[in-house]
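Dropping the structure in here first, questions after.
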Amino acid sequence: MDWSALSLSLKLATWTVLILLPLGIWVGHALAANRFRGKAWVEALLALPLVLPPTVLGYYLLVAMGGASPLGQLYEAAFGRPLVFSFEGLLLASVIFNIPFAIQPMQRGFEAIAPEVRDAAACCGLTRWRTLWRIELPLAWPGILSAVVLTFAHTLGEFGVVLMVGGSIPGETKTVAIAIYDRVQAFDTGGAGIMSAALLLISLIAIGAAYFTASRAPARRHD
Amino acid sequence: MGYHKLLIILVFLLTVPNGMAAPVERPAVAAASDLQFALAAVATRFEADTQQSVRLSFGSSGNYFRQIGQGAPFQLFLSADENFVLQLHQAGKTEDRGVLYATGRIVLFAPHGSSLQVDDQLAGLRNALAHGQIRRFAIANPEHAPYGRAAEQALRKLGLWDALQRKLVLGENVSQAAQFAASGSTQGGIFAYSLALSPAVAKQGRHVLMPENLHQPLRQRMALVKGAGATAHAFYVYLQQPAARAIFEKFGFVVPSGARQ
Amino acid sequence: MTEGIRIRLQQSGPIPLDATLECAPGEVLALVGPSGSGKTTILRAIAGLLRVANGAIHCNGDAWFDAEHSLHVAARRRRVGYVFQNYALFPHLSAMHNVMEAMLELPVAERERRARDVLARVRLAGLEHRVPAMLSGGQQQRVAVARALAREPQVLLLDEPFSAVDRATRQKLYRELAELRRELAMPVILVTHDLDEALMLSDRMCVLHQGRTLQSGEPLQVMTRPETVEVAQLVGLRNVFRAGVVAHDAERGVTFIEWRRHRLEARLQPEFEIGAQVTWTIPQGHIVLHRRDRPSRGEHENPVFGKVVECLSLGENIVLSVAINGSERPPLFLTVPAHTARRNGIAQDVDIGVSLLSEGIHLMPVDNARIRSKPVQGGKQSQGAGKMGR
């Protein structure tokens, strides 16, 4: 069991969730509450990582973050080391790749709130912030929780993008998914087996929790 | 309100520098896959002898060549093809031209259960091909793995390349090629001698060393990347010393005598 | 007036509107019209949930909306009490907390006290801690009302508040609203498609169709004295016919009209010229059956005779369609109690006589769009103005 890889994976997943939580709430809420021209295109764009092969995304991220790119050079000038092959580069890739997993369930959660409830909140004198905080978030929490869990589990298992952008550097970018790949190549089936089982267990718990909370949600819906 | 607090905590957490073990203490070493077992053994001894340790990554030399060229934070590169190291030096990425640390050899391998007969002229392979007994054959990807290139050269020289080409399974590096060959999902393969000698692989089939004249020599060169720290330097030196050389030889590498450039 | 609420809304799309309304403090204005007539749109515009292209809304002297000056006060800053059609209660909060949400600018203790108070006023004392899912429809509606009132709003808006409850509960709620409104000092606008409800609960009524306010006034007035055929249809008058004006008798307060070879006495309406074509209507309640068992003097007033074409039983009452003069269409509609019909042997194909009480006959201008369809000679074949009202 490669503990450093496991802890790196957990760290990556946690950070991805922390970043996507406010982002997902903001965008998910905006999409649920507004109609505008081109909304379908925006939603399609945000869903793109779902259908994009990881290697394609990895390729474009390398181009965008690599040493020759403006972003990469900016980062290197600021921090003294390249953005690719670093944990930060990996985190950036992970956030981008998980956008649909975070935004879509949250958006559905907000959409499940009857629009009249928001109107009622406005008539009660609540500001938009207060409406979000006191009314919408408590009602949309199953969607938000689902998004958090899915993002977490998905990040744990992410392989292709991590490999292309991260480079499998132990302690920096060698996540547990990559470590498993590595162990198999080293003919260490025992090590690979243990880590795979651990990842399977964590993913199962995560998705089970998501489904469980989603099934308890309907009691809160107001028809 | 509550949001502002959350935002502040978040910003704070994000700007705290990555507190992982500072790479300087445990430098990242990029090594060709054929060194999978040999280098691991050396590193263990290094740790026992000097109380310093390194973080090993194994993969295809071509891949590491590209990554180091793009600034990947490896401090030492052990390539299976010396050209990669020389090119990196020309690009100004390494401290110097490095040293030749070993010469590699290839083997023909047949997993248990395969009808392929192994011999050093590959007559068995030729025979099996003629009888249509070879469905899949594993080598490393010749485009970026030196051992794959060597395998291709050998096969071409023996006139077996055309017949085999459509049946090839390409490993991303020589380790994966060994995986494919040993797993029984292919009828055989060509990969590194050093891998075939390891107990884990050896017990999965039978192999024969292929003559050196069938391919360009696999001159394995290593070099320190610019900016490498003290531990990386120490390891670099250690690799050229008798203890390390003995391990390399045990794994079938031909070790250059004395310090040769 | 500077007190009360004044509303003027105009736009051509996406929902066409051309509405003018006024409601004084303490007055209940019923906004009546069929589905899709824009009632909810107007209510939302008053609340500030919707921005209309043109118009203005002033409440107690404050300008809430003025298209000319690009002024649109956000909903949360207008003190509006809005009872939504489906109540729109916050499902995760108890009744008490629902009401407290409307008073966030007050300290917690004060909020609690006032929430309790207003919930008691709507007769929900003891149920404060229940969440909406644990309350019946009628109770939820009361929480919605309490929440709307908690803010001490400048106007109270009710969007078909009784449509989602059963009849028995509705009767109860009518009574309660009637009592409650005596205490309310603000203008109240009630949207409904139920005319009876409007009659029962409101001081004034406004008829709306396709976004246009057609007529405002006291409910009974609007329902018996519609200004146009369109309004007549919308308020449910089924008897709408063409006739010609023959003469005016100012001394007796009567206008004579000619209809289907009958000369009828109607209420004096001198604004119509002699010889002009008009449409006239009469509420079903102003048609008296000539009873064989108990003839009365009223039978001498505008008697007409015909054959019963259809008998529709509605529980305690029967709706009769009568072909006047035996065969003319469209028929005259009237309602009689079932026992009367029985005692008088009323059934299909029976000949009956009825009296049209003159004070119920109300004249309206002819619906011009239909005048081309059939030539009309001197008040003979009058045709009903197309579709009958409900």
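Lettered A, B and C in written order, each chain numbered from 1.
FYI, contacts are C-beta pairs under 8 Å (C-beta built on N, C-alpha and C of every residue); 3 or more make two chains touch, one makes a residue touch a chain.
Keep in mind that this is a model prediction, so the values were computed, not measured.
Among the remaining chains, the Cα-based centre furthest from that of chain A is the centre of C.
Relative to the centroid of all protein Cα atoms, the closest per-chain Cα centroid is that of A. Averaging C-alpha coordinates per chain places the centre of chain A 34 Å away from that of chain B. Centroid to centroid, with C-alpha atoms defining each point, chain B and chain C lie 88 Å apart.
With centres taken as mean Cα positions, chain C sits 55 Å from chain A.
In chain B, no residue touches at least two other chains. Touching of two or more other chains is recorded for no residue of chain A. Against chain B, in their complex, chain A makes its touches with residues 8, 18-19, 22, 66-67, 76, 81-82, 84-88, 129, 133, 167-172, 174, 182, 184-188. Contact residues of chain B toward chain A in the complex are 1-3, 6-7, 10, 13-14, 18, 20-21, 23, 26, 28, 33, 36-37, 55-59, 67, 70-74, 173, 175-176, 178-179, 182, 198, 200-201.
Those residues of chain C that touch chain A in the complex are listed here as 44, 47-49, 74-77, 79-82, 84-86, 88-92, 101-102, 104-105, 132-133, 147-148, 151. Within the complex formed with chain C, the residues of chain A that make contact are 114, 116-117, 119-127, 130, 134-135, 138-139, 219-223.
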